[in-house]
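In the two assemblies presented below, subunit A is common to both, partnered first by subunit B and then by subunit C.
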Partner chain A sequence: MIKSGLPIRNLLRRPGRTVALVLLTAFLALSVFGGSIVVSSLRSGLDSLQARLGADIIVLPSSARSKVNFQELLLQGTAGAFYMSADALDRVREVEGVELAAPQTFLASLKADCCAVKVQVIGIDPEADFTVQPWIAQSTSRELGDMDVAVGCKVNANAGESLKLYGQHCHVVAKLAETGTGLDTAVYCNMDTMRTLLIAAEAKGVTHKISSGDGDVISAVYVKAADGYDIDGVMAKINAHVRKASAVRARSLFTGAADSLAGISRTVSILAGAVWALALVILLIAFMMMTRERRREFAVLRLLGASRKGLSSLILIETALCGLAGGVLGVGLAAMLVFPFTTLIETKLGLPYLTPGMGTILLLAIATVLATVLIGALASAFSAHRLSRTDPGTTLREGA
Partner chain B sequence: MLRAENLSKRYFRKTGGANHFFAVKDVSLELRPGEVTLLSGRSGSGKTTLLNMLSGLLTPTDGKVWLDDIDLYRMDDASLSKLRGECIGVIPQGRSAIETLTVLENILLPQQLCGEKGDAKAAEGWLDALGIAHLMNARPAELSGGELRRMAIARALASSAPVILADEPTGDLDDENTALVLDLLHDAAKKAGRVVLLVSHDGEAARIADSLYRMDGGAIKVEREAL
Partner chain C sequence: MTKTKIPAIIILVLSLLLAIGSQTFMGACVHDDGSLGACHWAARVLSGIGGLLAMLAILALLVKKERAGLYLAMVPTALLGVFTPGTLINLCGMATMRCRALMKPAAMILLAFALAAALIGWLMSRRNHD
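Right after this comes the complex of A and B.
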């Protein structure tokens, strides 16, 4: 049957029927592959953000009602600035159970000449930092010197170029790997550079002062709890010991995002499941109708020497080829719809979004195509089985 | 030789009278190489059912069909299908073309289903003999009823099957083509030594037949037997 080339000729010479089946399976593949990529990207984004922060506890100024602001800053890259006295860092370090404590200072830039929108400038202390440094180290071995900056992957500046922030020329020493989070639009510098930028910002009318005085300011302290200490316990001690600051568990910052992700993941899974179930039913009906319409053709093939097995394989090969073509088309269409619009999806969902690596994408694509071929074969197997049980003589006698 | 031995086919029906009836009842028949056998009878008398059972397409309720010393219905489906493709050329009633293939591809299909490449030259020769060589690259949808019938006849003749079972082969044909087809079927028996069974209402078919059988209510009656 295969040698006769009949399956291919049947498909090519019945273009209407073939195109309908291919489009049906393509729709199935599109919804599954597209949905899987979106969910997988959201999951990668959140994982990446959690890995990037690498702290157990984050201490923020209590006046900032910071959890929400901070979350927006991390997840969506919303520029923001909130401050507390740098003394808070020393107070945090005094707390029992704190192994590492690293300060960060935030400054929302004006419309920098690098970007169409405001960027978040984050000052770190390279000596104490344990969250951003390992990330920077992936892109450059050079330490952040005075007026050096490392930029997130979405900042429009490359290593070796210059960036003007509040009128100050900064030297870009590294472009960081993508995280799929708000951190991709941030600019990192050391605390001395940040001090210069804060002064320049003040000169341009952007206030960063805290009410208590003119000393150094910081926006957050990242804390790693020592081994054997209960994180909630350490957090409670910090809250009791450090005034005008509020310690939050790093993981709790992502609770909302994780909940949203779970919701989206559930919705996408339900939709994909519904599409699969619907497609299976439609394919089942389509194949039953098609087999019924082709009863006489199949009876003639039996008359000419085709066996039941040969006839079943003809139907299965035709279906598998349609499934293959539909699967590849659907995956291609999904890729064209999803990949060019990652920024839009990210913005609309307001969640970290990191497209998985090529290996994962390929695996998902292959799995989708295989599943499409399989579901088509499954739907046609029923018709093929019923058909193979029918006496061709009866079909020919009925004049079907 | 193709032989039917006490062949019966019973069908069940849901309405009207008895719940079953015999389309073919206790038919024994012997078809020999080099002979043309004509089977006639009124519509619904069981001719086509008998032909389908003889061709291995319809499992009988009782009885046996032998091709030489092979009991057709004791074979598994794959072997019976292979045997049907290689040894029995059937010309069924009505349309029997594969619509996605050209006329020539339809003629070659039985040979290809048997794993052969198919003899295109011989096929073209049969199409020429039947007056439809110019249609060899046409699709069945472009053919008239008579042309389709001649295509089915060419397909059976082009195969090397030693048995040809033809169900109303001249049904859609004019007198000229009827004569042509009957002559070709006669030659298939006499010159190629094939077994030829014609199921026909056509009085002309009796002209080439060595044996005549008549069916009535599923039973068979000999009208003329070959010497």
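Right after this comes the complex of A and C.
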């Protein structure tokens, strides 16, 4: 019969060996938990962007060179500056199968007093808008009035505060939920506010690709197709009907991001798989060496009355404890490396990146710790089985 | 080498990373117009705190009798560093700026480890002294 405190005493008696095993399993847990969080965040980011865009078709000026600029604007928050006449909106609305059409105007390179960098100002028509308005409605029931703005979650201003853009005080009415994309650094206002800001910028000697005297210009039209209409068909009709503009399917804008996400998922999976395989081999060797080194100790325990099953469980418990400590340490280290640097990872990857909810994180953490304990136990099971078959008398007669 | 020196070595490495890092790879950026933001001054203070911690760690390696006291002195120094970016000195408004995306979290992690090492070092040195 083996006393219940023996595995812990064994581990404490050899701190060097215990620390090495804990660090090895911690590395395993770190790679798996860290990788899972990154992949999961990329998936959440892409889902959030798809939900946020909310349109079937996006009509852009031909000068936007297909969808490249727009994709950068969405995913990385780079300043977009492409324009077409506001007449395009009326032309789009004339097309059969178009249920809703809402314009947006991008004003790039506005430097806000809140921020050391330029923020992207996006003008919307609150009455026609169906893409941003539902997100604003989550924070306020109020419509965007003159000099009202709704800000992305990464702009340093909260609802109720004032945001200074080109010396003009704008009232922040809503702070939008995080999307993990460039939209988090955008500032939304109505078209009149945008015109006021443009005039204020010109008064300060700052020029843009558009000026206050250019008349009505827009950057994009977001279209929702009516029920029963084929989206590709509506898109083709828009392309034929609206000059100097091209319609793209909203879904196609995500294709590049989805491909990159698949590539990253594959790489992370391969790396994690390699780490696990390597760790399994190292743990197998480590346990074989450890049991060989401790065979006299185990032989004495057998002679003192410990059963074969008891001896095997002693090794398994020791390994499970190391796996548990290593798993918790690895998950903790991964959390310290991944969560504080969320914005940095998002910027460097250039992909939508949204940390999953607490429930998912907890689930991943528990699964990682359990997997680490399991792989440790699996690696030691072979050694435990071999050891339980050895005759203690022979071991002691052979000497060390 | 005595065990009580190990935390000092760890703190030395962490504080040098903080002192050099906050002026190089994780330092604040210069604005488009060449002006310096609050982040720049926060980075300078972090460098100073890193340098001070490094000096305290070197002293802790050199002396034996006063080691516990030196470890204890590192605790408020590291805490000062923790409260510097964002609390004592403002950082840039935009969360995507390098000072907020990299410098602040990296400094927090380095200083948290240094703080833990200083407390462990103090406990170990005090026990040895007793």
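The rule we apply is simple: the second predicted complex is superposed on the first by the 377 of 400 C-alpha atoms of A that agree within 3 Å, B and C clash if a C-alpha of one lies under 4 Å from a C-alpha of the other, contacts with A are read in each partner's own complex, and residues count from 1 in each chain.
Methods note: a residue touches a chain if its C-beta (ideal position, glycine included) is under 8 Å from a C-beta of that chain, and two chains touch if they have at least 3 such contacts.
Just so you know, these numbers come straight off a predicted model, no measurement behind them.
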Clash or fit (per the criteria above) of subunit B with subunit C on subunit A: fit
Which partner, subunit B or subunit C, touches more subunit A residues: B
First (subunit B), second (subunit C), both or neither touched by A:155: second
Spatial angle subunit C-subunit A-subunit B, Cα centroids [nearest 10 degrees]: 70
Which of subunit B and subunit C A:270 touches, first, second, both or neither: neither
Which of subunit B and subunit C A:310 touches, first, second, both or neither: first
Partner chain in contact with A:347 - subunit B first, subunit C second, else both or neither: second
First, second, both or neither for A:296, with subunit B first and subunit C second: first
Subunit B versus subunit C as contact partner of A:336, first or second or both or neither: second
Smallest distance from any CA atom of subunit C to any CA atom of subunit B, in Å, after fitting: 20
Subunit B/subunit C common contact set on subunit A: none
Subunit B partner contacts - residues on subunit A that touch it in the complex: 1, 3-4, 6, 9-10, 13-14, 296-297, 300-310, 391-394, 396-397, 399
Subunit C-touching residues of subunit A, taken from the complex the two chains share: 77, 111-112, 114-119, 153-157, 184-185, 336, 340-341, 343-344, 347
Subunit A contact footprint on subunit B (complex, rising order): 48-49, 52-53, 55, 57-59, 77-78, 81-82, 84-86, 90, 92-101, 105, 109-110, 112-115, 139, 155
Residue ranges of subunit C in contact with subunit A within the complex: 29, 31-32, 37, 39, 92-97, 100-102, 105-106, 108-109
